[in-house]
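Worksheet: the structure to be examined is printed underneath.
Just so it is clear, A, B, C, D, E, F, G and H label the chains in written order, and each chain counts residues from 1 on its own.
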């Protein structure tokens, strides 16, 4: 069993870190895992994404064309990955930076206004963590607790004070997802 | 009475860095917290009266996002017309 | 805002700029330096005979933002590439745009020799006290004690040496025609920076030899500051280490 | 030891430290910079030498100096930076001092991009600096291998007074995977009998790459050649997967090898008898093993993240005994496993002729892909 | 035109001038320095650009700049200096501007010596800078050929926006022979449609080797590859002597080719049916011709002033159809014709097996020579 | 000559020299510079803990003449190689011996950065206003108007730039501890040169950072002069362009 | 017909130039010719030698193991080339710098005190030209007149004043050779 | 009266460059035109009386070919013996 997750957006949105947290959680849960980033030359605002593969056995390629779960944090990422998610996969979209609806009908998708929620929580870099919370609701490859433990164990010392906020982001994202309109399953409005 | 001026901020360029806010001697600039540019930034906006068209905001803007206009005082308007 | 009074345009985006949005971090003063160069090219009507030489650093894509011809040099070698261009097209205006890693570290030999030869080019030198593009490593201009990703305990001058002041160093060379250091941290200094850039291009047009303007510039991202804090850091920390002024002028 | 989630670049730096590296000289360049940054943090903690050089040219010459003292020393860089090291590498080869260099390749030529690539295979394996010398080249495909190969790299470099390049694409450097680090080895300062350390109570020593008399240089060249023969005899390394009953063989190194493994597994699930050979030493190259397998199988597929640079070596090894096909992506593009799987399908369906030009037919297929 | 006694290095400089080179940037290094010195005298006379750069790194980047303006420009150097140019060469390849570079090889690796050598064949033909690119490599064997190939070099470089290396050992550069120079060509300043000259009345132009999106870089890489296919199809050049009825074929380039010619002539006088193929383009390599001859003959002997670098290409071309043997001298040593003749005798007496390892058996014979 | 009076040895070949005959041209003052270094090593009893770094130039075989350990660097890179050695063996004395082509042309970046880092090494810098070994081409130190094999019409400062004064240039760097320029053209100056070399090695032993002695030296062969004429040329032509003195001292 | 001449000694003895003069003379006499130098890194006093091949048809190798004529200007060159001259060949030795006799009996050899003669003519760089004069007496591949013409046509402008001296050196060498004891033919004393 | 000194010139090293001749304040050095070193140079020699052992020749000799001796004045000889 192998699950592939792509998180894609701009640099500065906390993407690489969120992916790492998932990877830590997977390793600590005894899984095989790879995390691989891909980024542009910009320090801020450029393309940034990462692929996390979680599996029960040794992982071959750390990259896949058709991931099971995608978090798209901006419009270019959404444009690029909507068509790539495996049929039946999950697509979590940052509605704050995406102004169009999901076209595909063969996957589960949710639009989450992550920037707004993050800003209401007090730090816009929480956007990805919120979306990760949402993803894990529909792609239950890891229990949220494992992710929280990973955060606790691996958040760099100097960011330790952000731990509660990150927990909150995860939970808020999950809550939002649970309450949200999942398209297309219950969409069409 | 100070000259009256105003500015336009091109949101394609603005990254909400606040350098113009910080520099404006009239403190008439703010970020528009209700809007996000496609890149995810809150753009700067002229949010109060009192702009003099001094162009200081434009001088500090790293994105060349600001265009500055100014009312021409009667005397200068005449000389421009001439 | 509308008005019935006659209006004038006080400031607009220079014509020597393209419409491309920069890739710079919000508040990074690389953008200000670009704008000043573009304004000078506009004012001197040089755009159509100017060839820019971009370097390797955050300004690697400078060629996307200027509407003149451009080439992109290897890391540190912009002065050599500019030399190659200027020697075969002496009536064109050639400028390089280089960071402090590019110019003062790997490109030290090329900049010293371009200045020594009195190569008739203009160098815009962005001193932001670190390597911005690669994520904030120590540069030759990093201040004593300054923490960077490759001097995590702060720059220890015993081990890593002292900041190199390029304007002073190059001013020892007879071939250097105009050398100045300016800062981009506030409107007044920005205006003075622009004047210096204009003098530098004028020197080139006159054929007075090598000209360089060193610009103290921010890197909010790697300094871990807001853009506004970064301006203050330039003023309070960088200027004392890199005094502003003219280091070489023509008389 | 416990498994830790480690990034390739950082893992190799820590592995080098545990292998007793006493000095590191380098210059930042993506996608290798974490190696330098990691050393900048750890070496001062341990009282060892870290220095950010002014350039890659300076870095390799600092390494050259330190290596002349018999100290374990290394550098790391990426494609354009490695090009700048070529003169220094040639000097080190000519002086016969050990060198360990990590090269985390990116898309090229020129400034190119910072995406992972295998476009420098020829530069590192066949070309590079001037003169007759050959480096040992190790190609890890996982974070664990980067760790394991650092130790090996130092041992080989010192054993043969040779250059060892750990050659990896950006993926391996940037990827995080669970891996185990070895325990810290105590640093043993031995002074080899050629090391330049000050002529205290002994004959003075000279280390140099000049042999102004061609007669003497020829002797040195032959010494290097003979040493290389030993290396070829003893140090060829590779990893095989599913080759026992294979009718098709995929050959790929580093990330291309890993991606091929996914494709091979998928093909096996479909019942296709395909195996994988992943060279670990790109130099010395596993010619003999590939030649032997060429007798057993019906077709070979070489997969690379370049235009088929290793392909030429596989062709030479196969020497016309079996059709060789090629699949590559270029300039920083990484193939997905499904692309390789498709190639396997194609080959399983209609074997090629041994006399075809694999690069040409690949380009034709590419042309179709590219539209 | 009349025959003049000309030194290779000076002849090639004058030939370049007559071919319309408008700018030269270089740095002194033996055995190439006369090229630079000659330009320093002639270019100012003609109002053209000569500049002694501060280093080979600077020289190649000056050439890069001038080439971007569409100007005919060149540089020259020798082995260590050429190693320093590798980054710049890769940038030039990635930017697709024409480059003509003369490399007068000396003994290596490292500082080595200043004697003539062919030890950089692999560096120039197969390796060199980072990334996927290939240069055209021309190997003159006489002063007349150095003259003729300069003209050709510029034409090829501009036609294909490619890198052309005129690769010669120190002998060719240092030797004087009677030769004829072509008449002075008028300098035609054409502005290619990619040249960066100031955006006067036209769209601005950008020349760069960055393609930050791997997708774009891949397209560039494929464009380079396709261009290379054209070059392979059109530009292979070689010279043959006595091959029509040959049973043995000697393959050698540059000075090694000339020396072999003396040996082949001597052998012919003895009635041995031996011919010589002297590759002129080392890249693209005359694979097809050698493959064809491999069908006709009974054995091949590769002669080089290195450890058998071109040998690997001959083996690939012969692909097991004929035994290939090797004779080489290294590190600045130049074989005498009698050494090659002896090899021809040996091969005529007892042909080798196609599966032998030519380098190993050569080394065994060498071991005997070396005592 | 024999005598019955008690005699003393006034001068003999230094112990830090081997018995090898140099390959230098007759009268070339490279040999004098070598001798002074050897004398200082003798006097300070440093031979057994000194590592020399030869460079590429006429002094490429320096390692044949000194009886201490030696390495041979790539052209221009001696300061980097010396850095590598000194960093791992900080208690050893490390010196480079470099010509002006090596140090001031191709090796500009390495020397500036070694000085800037305050690298605790000693540099003996032979300024002979040309590239001796390769047959007398122009160096960065070639005087205006001087004819060389690569400036056959004389150094035209408009095209080829001005002589670079390394001592002055490096003295702008905070990491430089001791920098002096001396000449080898007569006994008095040779004595002063030796004192400077001693001060430089003493600085290193004390750990005072980078030290360099620039020595004006002859190249009779490529200058096309007799050795004695060459001394006069140093005095009359070179010293005015390269003023002797201390450019950086420790206080 | 091919004749190979090696001139070997120290840098600064005028070796390369003398070889070039022979090469010019050969070319102007309508022959094929190659001139190839080999030298050490020293500007003065290091090894310097050159090989001149004069032939009626296109020349293959510009180097040969066993030359027909050798001029050895110092002891190391003498030591090296004595054994290499082709049997029956000519060996001209600079007796000023060589303190031993020729061992081989199967070649013609003359010892000429070239430095002394050169100094007596006024310039020690004439040594090689003197020896070349001697060589041409016994290896008549070129008439002395052709060599004189080559000197006249190709001596660089700035050395034009040395023309008479060079002629004199050639003649003096030839005269010496004619009068000298040729070993082994008339040697054994 | 000046001290009496003398020098030895090692002919292995001497290249006849004349720098010592040029520097010797007593002008007691010359080249030996009757002899050639193995490298073909006329070596320097002490050719007249009057050497003071001042070592100036040794200081300027690029080949370190010269060894200098001096008679010890009675006073110094005593102190050396002490």
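Heads up, the rule we're going with is that a residue touches a chain if its C-beta (ideal position, glycine included) is under 8 Å from a C-beta of that chain, and two chains touch if they have at least 3 such contacts.
A quick note: this is a predicted structure, and the numbers were derived from the prediction, not measured.
Asks: If you walk from chain to touching chain, how few steps can bring you from chain F to chain H?
Replies: Step count on the best path from chain F to chain H: 1.
Asks: What's the fewest number of moves from chain A to chain F, given that each move must go to a chain touching the current one?
Replies: 2
Asks: In contact with chain E and with chain H at once: which chains are those? Just list them.
Replies: F, G
Asks: In terms of C-beta pairs in contact, which two chains are most connected?
Replies: D-E
Asks: List the centre-to-centre spacing of chain D and chain H in whole Å, with centres computed as mean CA coordinates.
Replies: 62
Asks: Can you give the whole-Å distance between the Cα centres of chain A and chain B?
Replies: Spacing between the chain centres: roughly 38 Å.
Asks: Quick one: report the Å distance separating chain D from chain F, using the average Cα coordinate of each chain.
Replies: Averaging C-alpha atoms per chain gives centres 41 Å apart.
Asks: I'd like to verify one number: the distance from the centre of chain B to the centre of chain G, where each centre is the average of its C-alpha atoms, in whole angstrom.
Replies: The answer is 87 Å.
Asks: Pull out every residue in chain B that's touching 2 or more other chains.
Replies: Within chain B, the residues that touch at least two other chains are 15, 39.
Asks: Multi-chain contacts in chain F: which residues touch at least two other chains?
Replies: Residues 24-26, 60-61, 72, 74, 105-106, 108-109, 113, 135, 140, 160.
Asks: So which bits of chain G are touching at least two other chains?
Replies: 40-41, 45
Asks: Chain pairs in touch?
Replies: Result of the pairwise touch check is A-B, A-C, A-D, B-C, C-D, C-E, C-F, D-E, D-F, E-F, E-G, F-G, F-H, G-H.
Asks: In the complex formed with chain E, which residues of chain G make contact?
Replies: 20, 23-24, 27, 32-39, 41, 59-66
Asks: Show which residues of chain D lie in contact with chain A when the two form their complex.
Replies: 3, 5, 30, 113-115, 171, 174-178, 255, 258-263, 265, 334, 336-338
Asks: Looking at the complex, which residues from chain F come into contact with chain G?
Replies: 23-26, 58, 60-61, 132-133, 135, 221-222
Asks: Across the complex, what residues on chain C touch chain B?
Replies: These residues of chain C touch chain B: 1, 3, 5-14, 17, 19, 21-22, 24-32, 34-35, 38, 186-187, 190-191, 226-228, 231.
Asks: Can you tell me which positions in chain D touch chain E when the two form their complex?
Replies: 57, 79-80, 82-84, 86-87, 90-95, 105, 107-115, 117, 119-120, 122-133, 208-222, 225-226, 229, 306-307, 309, 312, 315-316, 319-320, 329-334, 360, 363, 366, 370
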